[in-house]
Every structure is written in structure tokens, then in C-alpha cells.
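Scroll down for the structure; my scribbles are underneath it.
First chain written, first letter: the chains are A, B, C and D, and each begins at residue 1.
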Amino acid sequence: MRKVWMVLLAVLGLAGLALAQTTVRVGVLLPISTVAGKAALNGVQLGVDQVNAGGKVKIELVVVDDGNAPATAVPALTKLMTVDRVDIVIGGLASGVTFALSGPVKQYQPLFLCIGAASSVVEQAFSDYNRFFHYHPWDYHNVAAALEFFKYLYDSGARRVAILYEDGPFGSAGIQTYRQQLERQGYTVQAEPFKSGSGSFTAILTRLKGFRPDILYWIGYDVDALPIAAQTRQVGLEPKLIYGAPPAWPTGFEKNNLSNDIAGMTAWLPSVANNESRRFVNLYRRKFGEVTDEYMAPMGYVIALSLGRALEAAGSTDKDRIAAELAKVQMDTPFGPLSFKPSDTGRTRFQGFNQSIWLQFQYLEGSRRPVFPPNRAARPLRFPGNY
Amino acid sequence: MELLLQTLINGILAAGIYALVASGLALAVGVVGIVNFAHGEFTMIGAFIAYLLFVGTGLDPFLSLGLAALVLFGVGAITYLGLIRPVLAAPELNQMLLTFGLSVALQNIALLLFGADTRVVSTSYQGATLSLGGLSFGVPPLLAFGLSVVILGALYGFLDRTRLGLAVRAVAQNRLAPGLLGIETQRVYLLAFGLSAALAGVAGVMLSVMLYASPTVGFAYTLKAFAIIVMAGLGNLRGVVPAAIILALAEALVSTYLPGGGGWVEAVFFLVIFVALTWRSWRAA
Amino acid sequence: MLSVQGLCKRFGGVTAANEVSLQVAPGEILAVIGPNGAGKSTLLNLLSGLLRPDEGRIEFLGQEITHAPPEVRTWKGLGRAFQIVQPFPEMSVWENLLVGALYGKPSTPRKVAERVVAEVIELTGLAPKAQTPAGELTLLEDKRLELARALCTQPRLLLLDEVMAGLRPSEALEAVALVRRIRDSGVTVLFIEHLMPVVRALADRVVVMDYGRVIAEGPYDAVAANPKVREAYLGRAQ
Amino acid sequence: MILVGLLLLVALVLPGLPLGEWRAFLLDTAQFAFLISALALAWDLLARTGQLSLAHGAFFGLGAYAAALAAPALGTLPALLVGGVVAGASSLFLGLATLRLHGMYFAIATLAFSEVMRTLVLKAPFTGGAIGLPVQPAFGGAFPLGGYYLAVGVLALAAGISLLLSRSRLHYAMAATRQGEAVARVLGVPVIRVKLLAFMISAFLAGLAGGVYAMKTLFLSPYDAFGLGRAVEALVIPIFGGLYTTTGPLLGGLIIVSLETWLRLRIGEGYLVVYGVILVLTILFLPRGLVSLFHRKGAGHA
């Protein structure tokens, strides 16, 4: 008899705990068939596992593919809002898709935790929306971070920059700003567009040969990395630095000799030396059996963790109380400290990271090592590099 | 002058890989009469074969050419027997939908297996260069060009000098003749489609060296290959190389001489085709 | 009715029509004959507008039509049946004929067109096959359809391109009777033919072509006795 | 015919049905499905004259951009009209240039046209270029169902024109042109006029659909608006549903979009494998498309 009572008590206790625990359903809207989208999703899941393991709150994810296209993303968001009835959505990776989501988001008024969408066109679209938390830096932050690096290179003797930019939204967005700012720093600039994925750069690079650039700066995608590295050598361009800014780098590129000395910008590397980053890398390896290079993975992870914090503090599933707590969150992340402030333009109220998360790395002896800014550098920058 | 020479060289070297992808497609379209939307996916399989062998055994991609060609010949033959043969007599549009479905399925199977990642191999010669009197020749494009010439030479030799080759050409030039689908024709079709896939495989291996391997690697080149074979004239296997050279030269010239020309490359490529097709059609009147 | 003067057409180095001149009088049946490659089909294509002449002039019913597009010639009353029958395979016989009846004359009302089809389908004996898809016809039926479709455009002059080719003698006889009926209904006929018995039976007048030129012209018997004509045929045969 | 009417009726009353929590999702999905079906119907109209176009993605995109740019000055409905007219006018140029091309040659010429158009829009100074163009919602967002009913309207118009044409005398001209152009001309069919007319009607409808699409996604970029994927979809749907009919593209479009959506929700990753396999199986077992399930004999196949 006593045993029965004990069991009954235990059951009741557990049930009580479960009731006290705040459970929230969160929609995730990502292009899961792309590399970045998949990494982001993994990161979010990892973060949610950790939050749920804490026991105080419980997050349930409803994952939908945004298809990386407006025509699939809009109905997908509608489904999250009306069928799954979530109040919180994590998503918004690509700028174009996120822009298309601005209408329905304003209609259904969710708490929107935006993981990517750096274009300031998106910032404009969400400027009057107060449940918009943008974690990723804006494009002007990216420009600022890169320019800081260029200033350093100018002081090291670089004078001429050739810019290769892909002619889609990613490459074209900041190009005018880059050109003006670089010229203001004293550089001579020649910019040439290209079609990403075409693989043929010899002609453009031949054209640039007459310009004799010190720095070859390319803004494109992972598919362009190897062809540019190889064909720069093939035409004998011999710049002092190849500096690339793709959202991701190809798998296996570090093992390729051609990658040596190529520099790039990222928000995060697995080798970044801070506690949160190390923790993330360990957890990720345990759950997925591999290390990821994609900074969207820790970005998703950070979003989930910060949401967990806000939920715990709010002790409620009300989206406005959660938003209020999220606005107050201060935490260490793999990228460094996170807290929300109004954006630099003042258009949106909750901006997470800024240019300070960007770091410059260089492929050196088969891996990527931070080389700039100096306080985060693991190695000195090899300049001039050997191409 | 040197710049012009270099530009011409760049264009002609680029034409090698165009011609290779396009020749495979020309066999499928010109001989079998199938608009094969899955040709790019065959290329992709070739690229992955090279990549996986490289990662697994460290084999140099150029050494996997033979294997890739063989595997893809098999894939092509199976595709022909299982899917293409049943729709040979169906309207062209039905065949298009069929190969489009196959293309979607293959691409997404690759996506499931390997993810969307862009993967690169590393060889000692990817950035290697030959210099000749101020002109430079990239080694991989040169290898690809040389290999294209050899393979296409062998293909033309086969078409010109062997009985089976003659049969292939006869079918290509006389596809709509009634009473086809005899046993001989069936064999020619099987052979041509298999060869078409094998050429795609070879092109894929080269793409893995020069570009990368990923589920979508075949797309860009296949689109251009379609344009090239149409410009050459369907069924005109010999016209493929000149058409590829003209288009690659146009691209190289625009990129090198037009400020910001890199953004106009595609437009010029397709404009040349548009003008060539329409002009030819009006002149023939 | 039809007047052709100095018509020339060159394909590369080959002159398929060389200074061809001929006249067709209303109500007659004119045959154009000649060995293979003499330029007969080229002439017909020039007349119906599928080819453009390099030189020369074509007049029909007193109006110049040298460069008029094919459909305009049809509207003026110049009908044409092809040697290689080309029915619209996905349409029924009735629908095939309806195309000719609807478009043979500009803005023919549907009702009128249906009436024309009904007449022609009776005349040509295709009525039992009206609803059969054209892709399923026999050769003879195909030939009749070809002829009937041309008739549906209500031509004043009908150009026939070897419509008897491939028919058995009995079938050819039927066809000859049909062409006579057509002429009797007031249509002038210009036809190309290989079968000499058919030419002899039908033609009021014969034009002989060789190497793109007109080499003889006149009644059948006179033409058949012409040494140039004999040479053209025999010379080719050797 | 009855089926077409029924489908349009359902589209009309769909927002009023008790759909429960799925309502908003269904309406959104349906709106995109209607637009893509309208595009497929438009493509089929041109295909009836034997011209296989790969330019319909471009007509769609031109309509979208033109409507988006015109909307602030003219208001929603006139702007949509402008979109249709711009697409139609561009088709007149394309149609004239490609009059003598057939089959694959025609297809590749139209593909080339759309690639050139995309680059022009990308480089033009007033289109927002690569960064993209923000678009106002239909009627300034005044009616929540405004965009939906515009899509229904475009679909009804496309289906109506499609039905009308298959009953008119033009039907015979188009079918004759497709099945034998030279013969058709000799029979008096004004083939050039028929082809150009079909081209313009078809492009006009595609442009209209593009305009409504722009007002739904609120954002245009050249790579999305001129995507080759959409041009291919415009051709896949009619083949899947049944060529040269009204029911075929209409039903095909609705089913293909529903199927794709359903598979994405059910299977998630890798759903396109199943999608591709279904297309292949359809061709192998229903070579005349879905409509052959309804018409046992090839009725309406003139």
C-alpha cells in the first residue's frame, strides 16, 4: 500500500513539474536543402536540446522548408502561423525571401527571430515592426568590418584593389559603398561583375592583369572559390592578397594547395578560442558526429539559447513578455557577447550583433586561422601572400 | 596584340569543355532524338565519382576518367532501356517531361546522399601554368581541351570509319524516316545514348578538377550545351566544335574588352545564339 | 486566268526553274510533265507561294501575285493539293476539310463553311469516314482527303501535284473521273503527273519541262511526238 | 468544361468555406497555384500553334516588373494591365523574329530571349537591379482577399480565353498550324497572324499572372522573376495535365502545386525525389496526361 502511495505521489509530482514547465512551440522556417539552411537548422536543434535539458522550459520545434523562394516561403509562414499556431518564428536566412515574408509577418504579428538577411532593404521593410529581432549584422556592418581590414592593408603598402563581384543580390548589394569607401581610403579601384558558378574567370582576370592589383577582392559564392584561386595563377595575375567574401567556403578547400594564403571574412571559425565556441563545437560533434565550418550553425544555436533564456525569465508563453525579456538578454556566445540595441540607422529596435563579430582569416597550412583584428589573431597575416 | 592573342587562347581553351558536354548531348538529341534534361545530372554523377574516388583512395581524378565513362555508359544504357525506349514513339514534349522528372529525381537523390555542399578535390596541377612567349596556358584547361580533342577525334573517327558509326550517322540524319525502330536502329540508339552519358561522365570528371562537385554542378554547362547544339544544327555532330568555339570566343572577348563585361557574358552568349538562329531562319527563306 | 512570265528560281548552283513562261485558260485542264528533277514541283511551289521566285512575274485573274504569301493566293482562288499527302493527323476528316472551308476565303461564316464541307465530302466519297481521325486513313483515302481539302477552299484554279502517284489502276481511274467532275463544276485544273495514260485521259493541253525549262507545249499527241520531248525522257532513261 | 467551371467555382467560394485552421495556408498556396496554372494555360495556348516556348518565365517576369513599377502611379488594376501589355508587346518582337523557327530551334531562341531579358532587367537603372524591387501589395493592402481574387480573376480569364479559343474558328487555324504549317498556309490559314496572335494573348496572360505574383510576394529580383525554373514549370504542367486542352493545364497546375506542397510537408528533405519519380511514372502510364482519365477517347484533341 505504501508503495502504491509512493508511486502515485511520484506521478503527481512529475505531472506537477510538467505543468509548471513552460512549453512553447516555435516555428522554424529555413531553406533546409541549402548548406547554410541545414547548418542553421542543426544549430537551432542543438540549442533547443540544451534549453530543454535545463528542465525549466520546453521548446518544441515545428520545422518548415522555405524552399529558398518567395512562392514557397509565404505559404509556409502562413501555415506556421495559422495551422501550427506558433507565436515565435526563427527564420529569414536569404534576404529576398525575408523581404517577401515582411507582409505576412506584419499580418500575423509573430515574434520573428531573424537569423540572416543582411540586406538593409530588409531592415527598411521591417522598420515599423516591433517584434523583429535581427541577430545577424546588417550589410553596412559587413562593409565596415571589411574596410577596417582594408585600412590595415593600406598601411601595409597595398594601393590597388580589383573587385570581382557576382552580379546577383549578394555581390551587388554593397558594391557602390565599397568602391567609394576604398577610394576614400586612398585605394585605386577597378570593379568587375561576374556570373557566379560559370567557372570561367580567365578572361576577366586577363583584363585585370593590365591593372596590376595588389589585392584581388572577390564577392561571390563557394562555387567560385577554386576557379578563382586556380585561374589567378593561370593568367599570372600575381596579386599580393586574394581576399574572398563568400557566405561559405567549399568542403575540402583547405586541403587544396591553391587555398594557401587566401584570406576571407567570417563571423566564426571552429578554432575560435572562447569558451562558448569550444562548448558549441563539442556539443555539435557529439550530436552530429562532425565539425561544421558554417557560422550559421552557431548562429542558430545562439538564437535558440537566447530564446531559452528569455522564456525562463518570462515564465510565460506570452510573446510580448518573451520579447521584453529577450530585449534584456545579455549573454556570451561563440561570436562574443550578445545584447540587443537599436540598429545603427535607428530603423529597427532589436539588433543583435554588429561588425565586431567579423574576423578575417587566412588559409595557412591546411586550415583557416584568424589573422585580423590583431586582438583576435592566432597568426600574423601573410602579406604579400604567394599565389 | 598580346592581350588579343591571350584572349583568343582563353576562349578556345574554354571551348574544349563546352564541346565535350555538348557532344554528349548532341548524340542524345541528334541521334536518339531525345531532349535529355538529365544530361547535366549525368555530368554530376561523373563529378561525384571522381570526387569520391579522390577522397576515398586519393586517386587522381584524371585516372578515374575511364571508370566514370564506363559507369555512366551503364547508367545511360539502363536509362535508355528502362525509360527512354518506352517513349520513343511518344511526342517530343512527353519525352521532355520524362527526362525532366529524371533530372529532378537524380539531383535530389544526390542532395540526400551528399548534401548541397560544394566539394573540391586537390591535385598538384590545378593552378599549374605553361608560359610561352608572354602567353600563359592553364594546365587543367589545356588538359581538358586536349582530352576533348582526343575524345571527340575518336568519336568522329568512330562515326566516320566504322560500320556502326555510319549507322549512327545515318540515323542522326534521317531520324524521322518511317519504319524506324528496327533491331539495328534500336542498337544504334542504345549505343548512342550510352555514349552520350559516358561523354557526360568524362566532362563531369573534368568539372570536378576545374570547378567542384555538387548536386547542381551540371546545370550551368548543360544549358549552354543545349544552346550550342542547336546553334550547330540538330543532328550535325561536326558542327558542335565550331559552335562551341564561336560562343566561347564571344564570351572571352566580351569579358576582356568590355568594362564590366563579366556581367554581360551570359547575355552575349545567348544574344549570339538568338541572332544566329533567327538570321539563319530568315536567310534560308 | 494564270499567266507566268520568265520565272526563275535557283538553289545554290542549281537552277530549278529557268525562264518558265506559261498560260492557263479558264476551264481547261493543263498537265505539266517532265522527267524527275525537271522542276515541276518547284514550279508548283512557286505558283502556290511556298517558294519565292528570283525573277519573273506571276499573274492570276489579272492581278500580280508574284510575291503574295500562300494564304493570299488561296483567298484569291488558287488551290493546291500536295504530292506527299499531309493531313492534319490529330483531326478528323471533317475537321481537316473544315480548315480549308473556314480559311480558304476570308471570314467565311461557320455555317457556310460547314455547308461547303458537306458538299465536298459527298463529291469525293469521303462521307462515311467523316469522323475518322485523318491519321488512320488508307493511302487512297488520304489522296481523296488531300484533294477534298483543296476543293474546300473553293478554288477557281486548282494545282494538283501527282495526286495519282501510288494508286492502283482502278483507283486512278476513279480519280480521273473525280478530276473531270471537278472541272465540270467550273474549276480550272493544272496538274503534274507521271502516269502517261492519266495525262492522255485528262489533259486538254500539256506543258513539258526539262532542266527547269519549258521545252514543249501543246496537245498530248503533238507533244508526245516532239523529238525534244522524246530525247528528254529517253536521254534521261539511259 | 464542366470540370473547369467547377474548379473555378470552388476557387471563388474557397475563402468562405469552413476550412478551420488550414484556411490561411490553403488560400496562400491556392493563390500561387492559380497563378502558375494561369501561366501554364497561357503556355498551352501558344503550344497549340506548335511553338514550344521557354520564354514564359520572361513574360511572367516582365509583367511582374512592369506592374510593380507602374502600380504606384496608376493603381493596381491599370498597373496589372500595363504588365500584361508590356509582356504582350515584347512577345510581338520575339514572335516576329522567331516566325520561321520550329521545335528545339524555337525553344532555344526563346530561352536565349529570356536570358537576355533577365540581364537587361538586372542592368537597367530603374529596376532595382540585382538588389531587387520592393512592391506594393494589391490595392495598397486595403482588401485582405484582394490578391487572392486577382489571382482567381487571372485564372478565370486564362481558362475562359482557353475555352473560348478551343470553340472558335481560330481553334482550327491553330491546330492546323501546329500539325502542318505549309499545308495550313496553302489552305488559306493566315499562319503568321495566327502565330503572332497566339503569342500575344499567351504573353499577355503570362504578364498578368506575373503582376499579381509581384503584388503577393512584395519583392522582385531578376533571378526569381525570370527564373528558368518557372519557364520549365509552365511547360511541365500542361504536359502533365494534358496538352491543347483547358482542363489539362488547369487541373495539372492545381494538382502539381498541391502535390509538391503536400510532399514537402509530409516528407520534408528529399521530397523532390518523389516528385520527379511521379512525373516519370505519369509519362510512362498516362502519356496523354491527367485528362485522359476523364476523356477515354482523345476527344478535344483536334
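Assume contacts are C-beta pairs under 8 Å (C-beta built on N, C-alpha and C of every residue); 3 or more make two chains touch, one makes a residue touch a chain.
For reference, the UniProt names are B = Inner-membrane translocator; C = ABC transporter.
Because the structure is a prediction, the values reported are computed rather than measured.
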Intersection of the contact lists for chain B and chain C: D
Selected interface, B-D versus A-D, where C-beta contact pairs are more numerous: B-D
Farthest-lying chain, centroid of Cα atoms versus that of chain B: C
Chain at the geometric heart of the assembly (C-alpha centres): D
Cα-centroid distance, chain A relative to chain B, in whole angstrom: 36
Whole-Å separation of chain centres (CA-atom averages), chain B against chain D: 31
Chain C and chain D: spacing of chain centres that average the CA atoms, whole Å: 42
Multi-chain contact residues (two or more partners), chain C: none
Contacts with two or more other chains, residues of chain D listed in rising order: 122, 269
Two or more partner chains touched - positions in chain B: 111, 263, 266, 285
Contact graph of the chains (line, ring, star, complete, other): other
All chain pairs that touch each other: A-B, A-D, B-D, C-D
Complex interface listing, chain D residues touching chain B: 47, 52, 97-101, 103-105, 108-109, 111-113, 115-116, 119-120, 122-123, 228, 232, 235-236, 239-240, 243, 269-273, 275-280, 282-284, 287
Residues of chain B defined as touching chain D within the complex: 29, 35, 83, 86-87, 90-98, 100-109, 111-112, 223, 226-227, 230-231, 234, 263-264, 266-267, 269-271, 273-274, 277-278, 281-282, 284-285
Parts of chain C lying in touch with chain D, wherever the complex brings them together: 48-50, 69-71, 74-75, 79-80, 82, 86-92, 95, 98-100, 102-106, 110, 133, 149-150, 152-153
Residues of chain A touching chain D in the complex: 32-33, 63-65, 67, 69-72, 74-75, 78-79, 81-83, 85, 95-96, 99-100, 102-104, 119, 121, 124-125, 167-169, 171-173
Of chain A, residues touching chain B in the complex: 33-35, 38, 164, 167, 191-195, 197-200, 202-204, 206-207, 210, 221-223, 225-227, 229-236, 248, 250-253, 255-258
